[in-house]
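Next come two complexes built around chain A: one with chain B, the other with chain C.
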Partner chain A sequence: MADEPRNRPKISRRDLLKSAGAAGAAALIPGRAAADAPSAAPPASAPAAVAPAGPLMNLTAQETELLSAMVDRLIPSDDMGPGALEAGALRYIDRALSEAESDSVEAYRIGLAALDRYSRYSRGAPFSELSDRDKDSVLIDVQLGGATGAGVGFVGSSGAFFNMVKSHTWQGTFGDPMYGGNVNFIGWDILGYPGVRMRVSEDDQRQMEAGQLPPARRSAYDFGQFQVGGGED
Partner chain B sequence: MRLWGPVTAAAVLTASAATAQVPTTFIVESPTMTTGEMMPRDYSPDGRNVSPPLSWRGLPPGTQQLAVICQDHGAGNPPPWVHWILYNIPATASGLPEGIPFDPADAMPPGLGGATQGANGWGLPMYRGPAPPGTSLHHYHFAVFALDAALDLPPGLTRAELLEAIDGHVIGQGAMTPHYSRHPASADLTR
Partner chain C sequence: MPTQLRSADVVVVGLGAAGGVAVQPLAAAGLDVVGLEAGTWLDRRDFAPDEIRNNYRDWPMLVKKAELERPTSRATSDQTANRIGAHPMMNAVGGTTLHYWAQSWRLNPWDFQVVSQTTQRYGASRIPRGSTVEDWPFGYEELEPFYDRVEHEIGVSGQAGNIRGQLDPRGNRFEGPRERAYPMPALRWTAFNERMAQAAKGLGWHPFPGPAAINSTAYQGRPGCGYHGFCNKGGCPLDAKNSPYLTTIPKAIDTGNLRVITRAHVTTIAVDANGRTTGVNYVVGNDEYFQPARVVLIASYTYENVRLLLLSKSRAYPDGLSNNHGQVGRHYFSHHQGAGVGALLPYDTGAWYGLPAQGVAIDDFADDNFDHSDVDFIGGGNLWAMSDRRPISAANMGTYGRTRNWGSGWKRFIRENADRTHSFYIQKTTLPYEDNYLDLDPQFTDPLGFPVIRITGQYKENELALAAFTQDKAEEWYRAIGATEITRGGLGNQMGASTHAYGGTRMGDDAETNVVDRFGFSHEAPNLGVLGASVMGTSGARNPTLTSQALAWRTAQHLVDHWGDIAD
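Here is the complex of A and B:
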């Protein structure tokens, strides 16, 4: 019997995007499969996205390389478009570790070291040097907790580390650009998010339903109604 | 501690899949695993975590298709914990090679066209190997079902859904039950 190529969607990117609704901006996606939404070109004047070339402020060069390799597999750049690295998720995470997530710096250091140790132990090579398939396989084991019992240094469940990095990666990819990620609104383009709007006319609604509404590409904080830290006492 | 032998395994199989007829038994083997012996770590998260190779012989006449379930009857709430489900396997296949793709977008190995994976205990359509807690020893039951029909089952079925779908079509069963306990990395990493 001839083997026919499997014609089913990949798990990685599409499923990640479909379930990205919990991550900030994605909660505002119109009711359609995000990955099926037409992509919109970023503004012509927007600067090109550049991943940090050197160490981040809060991580060493080796830790940065590891985190970069992990983030790259969580939302990879592929034929559907750019991924988390291009969206500046690393810069977002670094900034968060200096501010609201400063308590997580040690968890990153320990988790990244354990990730690399686990990769060397189970797959025989540093995580950054594995093939994409092997990186994905390692990350599945980290996510499911299978790496926990390998004795490689994860504190608690390896899944807790995975979920922390995944959550920050999604925030840095799909959150408001004011926080340092979602460079050039790449994340919102991936999701087909129409953008922050103070009012939506009937005509806007019709265009949106027809998939023809040009996306509004402004940070929520460009509007006077929103202020950083607003709403907090 | 529970030990699994061929008789026990057969009993579990019969209890798991209600069938209208008494299935015949056939041989399930592996070039790298043996019932009652330790699985290589490459079939666990202590190694590459790839699916192990399996082979079978003595299928009953009239076999049209096969299905495989790997389960741990010593885990799960309720047991068993399912590590792997593969079905729509053509009857022309004499076994499975090591490393069935975990990404559904990847093609199945030659000779396994149409085969698809069901949802394991984590809800993922792929093989994920043994990770028993601590240094405990668990037994991993690779059950193979010979079916009298070429069912075109959709991907992602759970164990319960698969057993319901093949109910009445099981004309043969075979199994092997190796075991596994984890290898902590500390010693390896200090070498």
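Here is the complex of A and C:
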């Protein structure tokens, strides 16, 4: 019945697999994402903080380093398992800035520069070089709108910048992997979300209620009917 | 000059919940019907269970007429209105029924007779000061056959509580008598739904499953619900959500008497020197068309219905079509759906594969279902305990002061609690008032340069008092299921743009206080009909869609039965 070009994301299963393969690189430490393939039991040892990502399309190397440091504190990798960086939240944000969130590129530029200025001004060092504890205290100031001072340069409240980055980090960690984040379903495993299913039987529901339903580990776009020229699933 | 098109018997402006239903009886009767829809066709291949697209980014809509016309709002007429937030509705064949929650309630009998019932039981002084509420021009029993028809044509699942006066304790004992059962049983309950129902019974209440325009079993060749969990602002990839785009519109097309024109943006309704409508002007891209018709039915959303009338000025109607009594835009209200109550529970709720239309309803505190002698309001609220959870929204849950909402502490909290929150959806009686209304904004326009709608409105004492009352009941229920934290939302103040927008073209016998007559036709322009919740004068404590669909069917049937009188 469709009488116009379909506005469906232009991806194929092959693209999806390719991007999942690239996740190793995007997860910043080669092999790390695969090694952390989530299971019911979190990894025994806490991974160290991760290095900044490789070049992003929409941000400079310095901006990327700042964003990486911030995202790493929002959902850290810790003794409970991997966090937002391993989930590919940076790649998610970068892609979003090319598409749906392209109006936000300037807000990222300005906000990240202001974050760093505020850090130097209030803590005496660039944000990326602060201890985790100091990073967190800076971010609390930013979240509460208290990151002010001569020449810091947040546009409006610093809280608006914080909320934007948090919102996109959450989308990139807990959203569908098709958009470049939630690598290896890291986000869904944090939540205990058992995954995308098209039909959930009463028996599936009872199994979930008993904690027995295995995670589905599929993107919505793994189902054929949502792919261009796709058939039924 | 616009291109003059071949004349039609009826032109229907908008093929959403109401217009999409009305076309079926019109086309089946052999009338030549043109349906103008601003949006386009979408289908189940467009409806991936994708929270980022459904809930955070643009939907797969190609046309965003509603969004570009989103209303401004202010609380009182001495303020300047602001344009904040998105438009709550969408443009497509089927309209917002593509991604709505699909709760498909009948109003209760009291909702049709708020003034007379209140006066009789408690005295006229109990009608809130400043309210312009009137009884409907007919009672529940007049609409019952049309509720019945739409429930069966569209497909509504549910548990009857009153069949021809015979009460069934599994259903809603407060509903009006229905001729027969729903065509499908209610959507299934989860273990948590069962737990809530048991707790409600323990409180002496009467829990039941709510009705939904969603297949609980295979119906009319389409499958039952898959419970995939992305129904909230998501289209159904299985075709189990019974939008008119799957039901009444295809049936109308199959008669050969309905032509659907997509991307048609209607700008004005034309009238002749006698004040009768002659057709509608619309644009598709840069091309202008005039569609002549013997009868015009407007069936866009409440804001658009009112706006289209106010923008259609002529010598016969200098203040807008059908507005010579100054009633277009009056008696407006946004349904009071806020003032929610939420809780944190010490156990998982198993809500990942739920949907907003799946759950447990309590009607004991709605309408006049309890004695109001000792409370300071009329009406009430329906408590709806639904199942609805998606991953990003779960990760955005409140932390009840236990941790900040990010960092390792938060990660520990969310691992434990992602499936342990719940919130009630409480729909409440909302009344029209003399100083709440819609008009054209003096400042903001759409891309064509036409002013958008301005909402002037705030909830009054009656709405706030009953909101607090229903919050108390919700808290009681949460305590009964062992909630460890309970939060209450604010009681409400300014009315914003709403998914439940009523009035503006109210239906009633008195042309001094109503725009359309008891059949939905203009008191002033006899061959103009209005479909949708803009004709409703009361809200009840439940979703408006099924009522607006039953009214739309009734208006269409009246037109068929009185074609000669109305069209000539």
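The working rule: the second predicted complex is superposed on the first by the 166 of 233 C-alpha atoms of A that agree within 3 Å, B and C clash if a C-alpha of one lies under 4 Å from a C-alpha of the other, contacts with A are read in each partner's own complex, and residues count from 1 in each chain.
As a working rule, contacts are C-beta pairs under 8 Å (C-beta built on N, C-alpha and C of every residue); 3 or more make two chains touch, one makes a residue touch a chain.
For clarity, every value in this text was computed on a predicted model and none was experimentally measured.
Visitor: So in the superposed three-chain picture, is A:Asp136 touching just chain B, just chain C, both, or none of them (first/second/both/neither)?
Guide: So A:Asp136 meets both chain B and chain C here.
Visitor: Applying the document's definition of touching, compare chain B and chain C: which contacts more of chain A?
Guide: Touched residues of chain A are more numerous for C.
Visitor: Once the structures are superposed on A, label A:Lys166 by its partner contacts, choosing first (chain B), second (chain C), both or neither.
Guide: second
Visitor: Let me test your reading of the model: by the given contact rule, A:Arg117 touches which partner, first (chain B), second (chain C), both or neither?
Guide: A:Arg117 contacts chain B only, not chain C.
Visitor: Quick check on the superposed pair: does A:Pro194 touch chain B, chain C, both, or neither? Answer first, second, both or neither.
Guide: In the superposed model, A:Pro194 contacts chain C only, not chain B.
Visitor: Intersection of chain A residues contacting chain B with those contacting chain C?
Guide: On chain A, the residues that contact chain B in one structure and chain C in the other are 1-4, 6, 8-9, 136, 140.
Visitor: Taking the complex as given, what residues does chain B use to touch chain A?
Guide: Contact set of chain B toward chain A: 44-49, 90, 92, 102-114, 116, 122, 124-126, 128-129, 131-134, 155, 182, 184-186, 188-189.
Visitor: Considering only the defined contacts, which chain A positions touch chain B in the complex?
Guide: Listed in rising order, the residues are 1-6, 8-12, 117-118, 120-123, 133-134, 136-137, 140-141, 144-152.
Visitor: Tell me, which parts of chain A touch chain C in their complex?
Guide: That would be residues 1-4, 6-9, 73-76, 78, 80, 83, 100, 136, 139-140, 143, 166-167, 170-171, 173-176, 178-179, 187-188, 190-194, 196-200, 202, 204-206, 208-209, 211, 220-221, 223, 225-226, 230 of chain A.
Visitor: Across the complex, what residues on chain C touch chain A?
Guide: So the residues of chain C in touch with chain A come to 40-46, 48-53, 56-58, 60-62, 188, 190-192, 226-229, 237-238, 262, 348, 350, 352-353, 391-392, 394-396, 404-408, 410-412, 414-415, 418-419.
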